[in-house]
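Next come two complexes built around chain A: one with chain B, the other with chain C.
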Partner chain A sequence: MAPFTPGFLGRDRSADTTLPPGQYLTHDFPVLSAGPTPRIPLDRWEFTVMTEAGVVRRWSWAELLALPSETPTVDLHCVTKWSKLSTDWEGVSLDTLLGDVDTAADYALVRSYGGYTTNLPLEDLLDGKAWIAYRYDGEELPSEHGGPARLLIPHLYLWKSAKWVRGIELLIEDEPGFWESLGYHNYGDPWREQRYQGD
Partner chain B sequence: MDTRTETASARTLVLDVPGWPGHLAGQHVDVRLTAADGYTAQRSYSIASPADGDHLELLVQLVPGGEVSPYLVEGFSIGDAVEIRGPIGGWFVWNPATSGEPVLLVGGGSGIAPLMAMVRARRAAASRTPFRLVYSVRAPDQVIYADELVRQSADGLDVTLVHTRLAPPGSTRPAGRIGVEDLGRPTGSAPDCFVCGPTGFVESVADMLVGLGHDPARIRTERFGPSGG
Partner chain C sequence: MTDYLDGNVLAGPLREVFGVDLTTAGTRCVGCGQAAHVAELRVFTDAPGIVARCSGCDNVIMRLVRTPDAAWLDLRGTTALRVPLG
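Up next is the complex of A and B:
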């Protein structure tokens, strides 16, 4: 156990049972990103899935909105220590988008407008665990929070929920994304506190 | 460890970290505090000093009602031990050994900290890389590192102070939010841009830089929200 910090009391911990280790509760919605916010006109927006064989499926904005949507209420956990509980989203399940894609891939590399990338096992995108989300709290998703659409994958730290998502590549071999190449954990499970490499 | 008061609400923690592996200007650390019952709280703080052996300086801005910063600003005593993890972050960094491009730093409030590490790394490396710092503060008494910035100006650092609420007497620029005229268009050799501050500030400055013709791929941002406490 770490040495005590003399005189440090910390916050009231009576309501902490719902937070992963090392997280604190916030009620606002902080913004974190590595560069300027990309602005993508909806008539030029598209979302693609490319298989390991190079087969590409595309959805325009209108085509995405025409797909059946879900309205998950989920908790968000950011590696910078804040957590926000019971957030309301609307989007298309990755089960819907990947359902009839023919692939033997085990990994996915998510690409965003603006150049951001993040990687994760393909199975983490399936079985009701991930969405392409385009509405937040009953409104269109604001650009600083990843609009027009972002990946939402709440069981991993929030950097995996790529903002301004433009596509997913399905890969046989894992390929580290942006933060995963800069010292952050490759998987990022907040309940196991996988913040940085070596955790 | 030692401390220095920078402004009424900001304090520098000077830490001696045996075995510190070194860091790049712009990186941060996680500070972990442990209460007597084993409860821990962690926050990230930017390193304000360049790599210098086991010596680290962190800037802590008081977040009223926060859990960690009031303790670090008001409760911490010289000699107290604190747990540090890092360095963290490999994107918002400037390395004098590998970068020869001009640099534009834009900081808001305590967002000056990682930018100051870059300014200090430039001096430590005796680099001639052109540096321009645009530093937005509410009022003259909020300028962190004021004396050092004056000294560095003599060393080729171009400093522009932007006062948002209260301008100093005799200032030619009225108090007001940072604008495109404070930032300037890229001319000649376009700079690498580093923007750090509160979310609204960073969002606004990064948008202005893109609008002025700076390449989005050369604008790196670091943000902190009001909940960073």
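Up next is the complex of A and C:
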């Protein structure tokens, strides 16, 4: 029997080199951090959503875990040029958290324990594109990767997936976050290689 | 785990911008008021940019991003930068 060519063996994701422009594949999970790792006791952890009218919705850790969770498998693309494919997460969709929030905002500013911020259009948080993730690869999310919970928004560069997430402010006008105010692209689409302002 | 370096790591990046050694320059944290030479700051480099923090309160003293065609420098975390001359 003639041997099969690789094309008949299906798509081997580990050999799939279809990465965004300028990215390289890594199997590690590099730890990037702009400051010391915050340690947040779970009995004091909370996640908040504040609307442009100042209305605040709060979830305790127990309340977050009581919400329906999803288990997305996603690719990660860091602006420092590494990509990691097929990562497994568990978390609560932002559609669930923002579903009954009354807002006319077009923008969101994400705030983290430790002071980090990042901004994005509100629509990028909706329609199954973003989660508050608290488990990674079947385990509790380690603190160095943003535990107890981080934003996961894999269609943008990973600096948008704020570690140690604390809350989201819904805004009428866009407000640049920590890296967006210092030369990085305001949106950060890896497939359009939007690394820096002007890209 | 020590995940930061001392401020001497800023020597090269700041020299590229200003042309002089600024590691002996003085800072004062806008958060807690602690005075420190640039060399004494806690610097985080495993990030999209360089972030220098106060060793007293972790407040961000300065941030530096090097894009392909520019350097972006944020000094809002220090009340002043005292540069020794002569």
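Basically, the second predicted complex is superposed on the first by the 182 of 199 C-alpha atoms of A that agree within 3 Å, B and C clash if a C-alpha of one lies under 4 Å from a C-alpha of the other, contacts with A are read in each partner's own complex, and residues count from 1 in each chain.
The criterion applied here is as follows: contacts are C-beta pairs under 8 Å (C-beta built on N, C-alpha and C of every residue); 3 or more make two chains touch, one makes a residue touch a chain.
The model shown is predicted, which means the values in this text are computed figures rather than measured ones.
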*Please work out whether A:108 is in contact with chain B alone, chain C alone, both, or neither, and reply first, second, both or neither.*
neither
*Once the structures are superposed on A, label A:81 by its partner contacts, choosing first (chain B), second (chain C), both or neither.*
first
*Once the structures are superposed on A, label A:64 by its partner contacts, choosing first (chain B), second (chain C), both or neither.*
neither
*Mind working out whether A:98 is in touch with chain B, chain C, both or neither, as first, second, both or neither?*
neither
*Go through the superposed model and pick first if A:31 touches only chain B, second if only chain C, both, or neither.*
both
*Quick one: name whichever of chain B and chain C touches more residues of chain A.*
B
*Return first, second, both or neither, reflecting whether A:22 touches chain B, chain C, both chains, or no partner chain.*
first
*asked:* With both complexes superposed on chain A, which partner does A:168 reach: first (chain B), second (chain C), both or neither?
replied: neither
*Check whether A:159 is in contact with chain B, with chain C, with both or with neither, and answer first, second, both or neither.*
second
*For chain A, give the residues common to its interface with chain B and its interface with chain C.*
30-37, 80, 115, 179, 181-183, 196
*In their shared complex, at which residues does chain A touch chain B?*
1-11, 13, 22, 24, 26-28, 30-38, 80-82, 114-115, 144, 178-179, 181-183, 196
_Sites on chain C touched by chain A in the complex_ = 3-4, 44, 46-49, 51, 53, 58, 60, 63, 65, 67-68, 70, 72, 74
*In their complex, what parts of chain A are in touch with chain C?*
30-37, 79-80, 115, 159, 179, 181-184, 195-197
*In the complex formed with chain A, which residues of chain B make contact?*
32-36, 38-44, 67, 71, 75, 77, 80-83, 85, 88-92, 199, 203, 206-207, 209-210, 216-217, 219-221, 223-228
